[in-house]
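The two complexes that follow have chain A in common; it is paired with chain B in the first and with chain C in the second.
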Partner chain A sequence: MDALKIQHVNAMPAPTWGWLKMNDVSIEIPADLERKCRVEIEAASELYEPNVSFEGALAALQERLDAARADAPVDTRAMLIAATGEDHGAEELDVPALSTYERRAVLSEHADDVARDFETGVGIDMRAYLNFLAGGTPVLATEAGGEAEATIRVTAQAGEASGASLDIVAAPDSTLELALSLDSAAEEPAFIGSTLRIFAGARSRVNLTVYLTASDAVTVVEDSGFVLDEDARVTVRHVVLGGAFTATGLAADLRGDRSRIDIDTSYLASGTEQRDFNYIIRHRGKRTLSNMDANGVLTGTSKKCLRGTIDLIHGAKGAQGNERETVLLASKGVDNKTVPTILCDEDDVAGNHGATIGHVRPEQLFYAACRGLSQEETEALFLSAKLEEAALNAPDDAIRSNVIRLGNALIPQFAEEFDFDDEGDLEEEIA
Partner chain B sequence: MAKQRTEVADIDRSLYDFRYGEEGFERLDAGLTPDIVREISERKNEPAWMLKHRLKSLEIYNKFPDPTWGPGIEGLDMDHIVTYVKPNTDQQATWDEVPDDIKNTFERLGIPEAERSYLAGVGAQYDSELVYHNMQGTAAQMGIVYSGIEEALQEPKWEAMIREKFMTLIPPTDHKFAALHGAVWSGGSFVYVPKGVKLDFPLQSYFRLNAKGAGQFEHTLIIVEDDADLHFIEGCSAPKYNVANLHAGAVELFVGKRAHLRYSTIENWSKNMYNLNTKRARCEEEGEIEWISGSFGSHVGYLYPMSVLVGRKSRSSFTGITFAGAGQNLDTGCKVVLGAPETSASVETKSISKGGGISTFRSSIVATPAAEGSAASVSCQSLMLDDISRSDTIPAMDIRAKNVDIGHEATIGRIGDDKIFYLMSRGISEEEARTMIVNGFANPVSKELPLEYAVEMNNLIKLEMEGAIG
Partner chain C sequence: MSQTPLLSVSNLTASVDEKTILHGIDLNVAAGETHVLMGPNGAGKSTMGHVIMGDPVYTVNEGTITFDGQDITELSTDKRSRAGLFLSFQAPVEIPGVPLSSFLRAQIAGRPGLEMKGKEFRRRVKELAAELDMDIAYLNRELGVGFSGGEKKKVEMLQLLLLQPKLAILDETDSGLDVDALGVVSRGMDAYRKATDGSLVIITHNTRILEHLKVDRVHVMVNGRIVREDDASLIPWIDANGFDSFEREAAQAAGGAEAAAQASDETR
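For the complex of A and B:
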């Protein structure tokens, strides 16, 4: 039976030349996988609040936004005239000829519709498949001013496809610690995935840590979409260590003034693995802030594509978006693609991007050579350092064990070398 | 952040926005058909292979979809574009022989004066044909060939070379408007610089599109042999009409071993122009291509000079500025292929958006597996001068080689308060401080141009600081 092919996954909002093959990605899922919902949610029962919904949270936010913009001046920009095609007496050649994405962007700004603008990183078709696998979408909601934790674990055995779909609503002034583990030790093809819709209420704090530790036979898709109200702050840590093919998609709508998102991505790809990332940060509120920091190591003949879009939308006065990526190419056959995009429709903003793509520095090699290490051995050290860091900072023991299992598969005696016992606990050093 | 904005005047186009009639000119019918392509070829008395190439290109053009990633081109209706307009003169070797209207046009643009002052040779194209071509005797004695490309095609020696190189760097299959160019190209220059020859003064081609609703499709082919050196300047302008005009030229540059070519352009089309131009260079071992590029006019612009570095230690640098004002959507940038060991590339671009204009910086750096030990740095800065304009940055990098160093940095924003404050704390007025900062922003490009062109660029930008307070 043919594989299920889902196209236009992780599509960047403003595409570039097609020949670069970076605008999006297609994912093939073996058609004979058995749908199986292997999802565990560890959360206090108080978080399952039946009267709260993601849509309801967006509607309440929309109501406030509509009231606030009732007195806003009429938008007469030439770009809007061009996008709507309305007759304002302007000659066709006097208004700019918009691209498809520019037209879409201007119309979206004009409509200012929170629900319609909502998006996740992987795109509609892939999200529909994840929703199909999950079968239902529970809602986790915090109480105003409260603090809560939740852990979601998604796994699959060989020949299975398993997915989770969750809505999360963080009430004003609340704090939520979320951990998400996507793991499978399957040695035959399998699929695991998750899709989260997260509303961060006013002044709330949402911290999301995601670990992908699947074996090299498994396809993994991790998807999320955030909407941030005033002064909300979201921190995301993506640790992507395993999986034959992984797609990570995140879209954030910084709708509330002074809202902020910080994304720290750490990835590793070895053998023939592929990593695909799509980050879309839309700055709509005033003085909003985003920081994206990605750091990765590519070895073997692995491939990686990272699309990062900072969209500074008209009206987001004082907003700032920063993006930085550092990639270490540790082998000859790797393929590293990066397209860091800044879209800017507002002058009183700052968008910054920096990328460094390189190999182990000569001074680092010299230091290592003085200690008897070859270039290959030195580069392998970077790989194991990435795994060790991930293990040390894992949210819980189960996730740490997953990292150790993956580390042992990649580096002989990884656990022993770094003083981890079989369960992943760090052994105390004996003086 | 500051509440005040820098006021920058629109480009003063009066110098370029004048036109003359077309009495005695020959216009083909508007539209694009095999018969029109055949007629263009017939008028030029071309070799048979060129007609075949044209017809094949037309076939390819008809199969290509419009690009979906860039500025809208719905307003460009090829059924209303005249692809060939012949002025009422043949190519002349002295300005005195050029008809008055055409001569006056180039006088007003300062071309003959520039030729007298510092150029080693000049080619001037009016609509679809070259009307003037001349080169100093000293350059000719060095073995340099600078002529119309159609003229060169009539010489068996150069025909063979042109056939070998023509549209090999920019094949008609490259994109829709490369195919269009392949079908209806007309005019343009051929330059051959022999091995070891270094020309101290630049050559210049100037392209003027005067005809309403017409297209200009000149082809420039430059071959700089091993150890040779050339600076080539290209200028373009057109008067404004209320219908679309089209420019789809092509520039192919071949840079030999240890050779050096600097290609400077000021593209200054009128605001009804669709500028869909393609430029590409190929560099052999230790060869170097330098692009200096200013994009000012046009309603829509797609312009990305590309360097293909195929020789070990070959180098490319790109310095560009784009100014997008009211009604303009300029999508500009560059492409680099690092295709051999120890190649290097640097890209430095500036863009300014104002008055509702849209500026997009788009680039690609591709390092093939052969590019071990190569390096590239990309820096793009965008300045937004008001909150009704737009500026996007879409740089792509595809790195497949080991031991490479690729760096990229981009910033978008307005003039920083801290900079204004710093200058004001040293006794400079706010208005003056803003002027200095904007001038400084454009300086990396203007300093790379010959003096006369730097002056022209400053005239184009003409930064008028007014009402800096509020």
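For the complex of A and C:
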């Protein structure tokens, strides 16, 4: 049987030139994998609330938005006339011609339909495959004002495909700490993935930490979609360290006023590994804020593409979106693509992007050489530093052990060097 | 001086971008000695430190560098370090993404007698940091990033004490430091000498750092040439008179050489 190929994964909302080959990515799921759901969810039983659903949370938000809109003045902008097909050729000279993307964006804005606008980072087809692997979607929900935590672990053995699908609903004023581990030590092809739909209620706090620590034989897809109500705050930490091919997709709808998302991505690719990221942040609420910070190290002949789109939609007055990336190309054979995009249909907003991409500079190499490090050792230092940081900041011991296992595979005596014990605990903090 | 110097630079000529910077340098440093290399700005002092360490920016056109009985003229910089040479930078570089502790750990890996297990390593580094009045929080920070000038120099001293080289070249480690930081650098040099009895080559154009140091030999460099060598008595003389006379002599010598060359051309 041939490998299953899923196209248009991690697609940018507003594509650029096709020949640049960075609009999206195709993912090949290795042939003949056995579907096996190896997913563990560690959460208090109170979080399994049968009467709460992601759709229900969106519907409640929609009701409030519709009620607020009923009092708003009628929108008579020419863009709207153009998109809704009420144009009559040259009779209306102010009516602009819209691209397919613009038409879709204006119609979405006009409909203001939270459920229809909902998206995740990897796209519909890939998400459908992840849902198929998971077989079902449990809901974890916090109580209003409550505090909770949950850990989700997805793994697979060689020859298996395993996926998780979860809905998360954080009630108003609640706090939820989530950890997600996608890990497999398989030495033959395997697939692991997850898809999360997360609703962050008014004034809630959702903190998600994701660790990808699979071996270099495993394909990994990690997908999420967020909807944020008023004053909700979400932080996401993506730590992507292992996997032959990994795709990370995240889409966030900052629908509620003053909602905020902070995304901190730390990645590493070595050998022939490939990393693919797609971040889509839609600012719809007023004075919403987003920050995307990515920091990575590429070695060997690895490849990476990171797409970051900040969409400042009409009406998001006072919104601000920032994206920054720092990439260190530790070897000459790496292939790095960084695609920051800022879409804007609102005057009173700010969008910032910046990228620092560089090799280890000659003066850095000489400095390290003066302390006895060869070029190869200096490059390996960046790799080990990334792994060490990930191990020290792992959400729990099991995830730390995964990082150490990966570290030992990449760097001889990694655990010994950094004095982690067998369980992955650091015996004594340095400071 | 002992018969066989630890470091021997012989007739060293080096250039960058086809411009000769060092002209026929001779320098011998015996084990346990402290030498001072002085001279005005732009004399080539730092270049000499870098060339001894094998900076690939410079080309050695002539001459040899011998260290601990081995010709290291063609040796890579990392191997010179592992042979026991150390260069402290005037402006230490920053390496974002690499915590100082990781950098230190990588330096001692594979060095006989210096390799330590994690716990021992941390204890040792903490001891050295305390000796240098250095906040140990810096150990977890990215190397040099956001460090003040004084902190960067402390990190240089920390590495000197950790690696215990046979010979250390300190390239204007005192520049831009306040009195407190200068004290820390002096303590670092003392500690190094006490712990290892290693050799020091101190590059400076400021005599203050030398006040509490027993100096064996002073070399004055002007325009890429060593123009004077003497014992420690030269330091107060330079303190009082500066480098003007050396620069004038060097200019006259260069003028004389040019005239001689011209005369030789005319004779032909």
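As a working rule, the second predicted complex is superposed on the first by the 416 of 431 C-alpha atoms of A that agree within 3 Å, B and C clash if a C-alpha of one lies under 4 Å from a C-alpha of the other, contacts with A are read in each partner's own complex, and residues count from 1 in each chain.
Quick note on the criterion: contacts are C-beta pairs under 8 Å (C-beta built on N, C-alpha and C of every residue); 3 or more make two chains touch, one makes a residue touch a chain.
Computed from a predicted model, the values in this text were never measured in an experiment.
A.B. asks: After the chain A overlay, clash or fit between chain B and chain C?
C.D. replies: fit
A.B. asks: Given the superposition on chain A, what is the angle at the CA centre of chain A with arms to the CA centres of chain B and chain C, as a multiple of 10 degrees?
C.D. replies: 80
A.B. asks: Now for A:Pro15: first (chain B), second (chain C), both, or neither, which partner does it touch?
C.D. replies: A:Pro15: touches chain B, not chain C.
A.B. asks: Given the touch rule stated above, what does A:Thr219 touch, chain B (first), chain C (second), both, or neither?
C.D. replies: After superposing on A, A:Thr219 lies clear of both chain B and chain C.
A.B. asks: After superposition on the shared chain, which partner residues are touched by A:Glu363: those of chain B (first), chain C (second), both, or neither?
C.D. replies: Touch status of A:Glu363: second partner only.
A.B. asks: Go through the superposed model and pick first if A:Ser401 touches only chain B, second if only chain C, both, or neither.
C.D. replies: So A:Ser401 meets neither chain B nor chain C here.
A.B. asks: Thinking of the overlay built on chain A, is A:Phe382 touched by chain B (first), by chain C (second), by both, or by neither?
C.D. replies: second
A.B. asks: Let me test your reading of the model: by the given contact rule, A:Val297 touches which partner, first (chain B), second (chain C), both or neither?
C.D. replies: Second partner only.
A.B. asks: Contact-wise, after the overlay, does A:Ser374 reach chain B, chain C, both or neither (first, second, both, neither)?
C.D. replies: In the superposed model, A:Ser374 contacts chain C only, not chain B.
A.B. asks: Give the label of whichever partner, chain B or chain C, reaches more residues of chain A.
C.D. replies: B
A.B. asks: Does chain B (first) or chain C (second) touch A:Thr326, or do both, or does neither?
C.D. replies: second
A.B. asks: In Å, how small is the closest CA gap from chain B to chain C once the two complexes are overlaid?
C.D. replies: 15
A.B. asks: Which of the residues in chain C come into contact with chain A in the complex?
C.D. replies: 53-57, 76-78, 81-82, 86-87, 89, 92-93, 95-99, 101-103, 105-107, 109, 111, 117-119, 121-122, 125-126, 136-137, 139-140, 159, 163
A.B. asks: Can you tell me which positions in chain B touch chain A when the two form their complex?
C.D. replies: Result: residues 1, 5, 68-75, 242, 244, 271-272, 299-300, 326-329, 331, 356-358, 362, 364, 366, 369, 372, 382, 384-414 of chain B touch chain A.
A.B. asks: Once bound in the complex, which stretches of chain A touch chain C?
C.D. replies: 295, 297, 326, 328, 361-364, 366-374, 377, 381-382, 384-386, 388-389, 416-419, 427-428, 430-431
A.B. asks: Mind listing the chain A positions that touch chain B in their complex?
C.D. replies: So the residues of chain A touching chain B come out as 14-18, 20, 22-23, 77-79, 91-103, 312, 314, 317-318, 329, 331-359.
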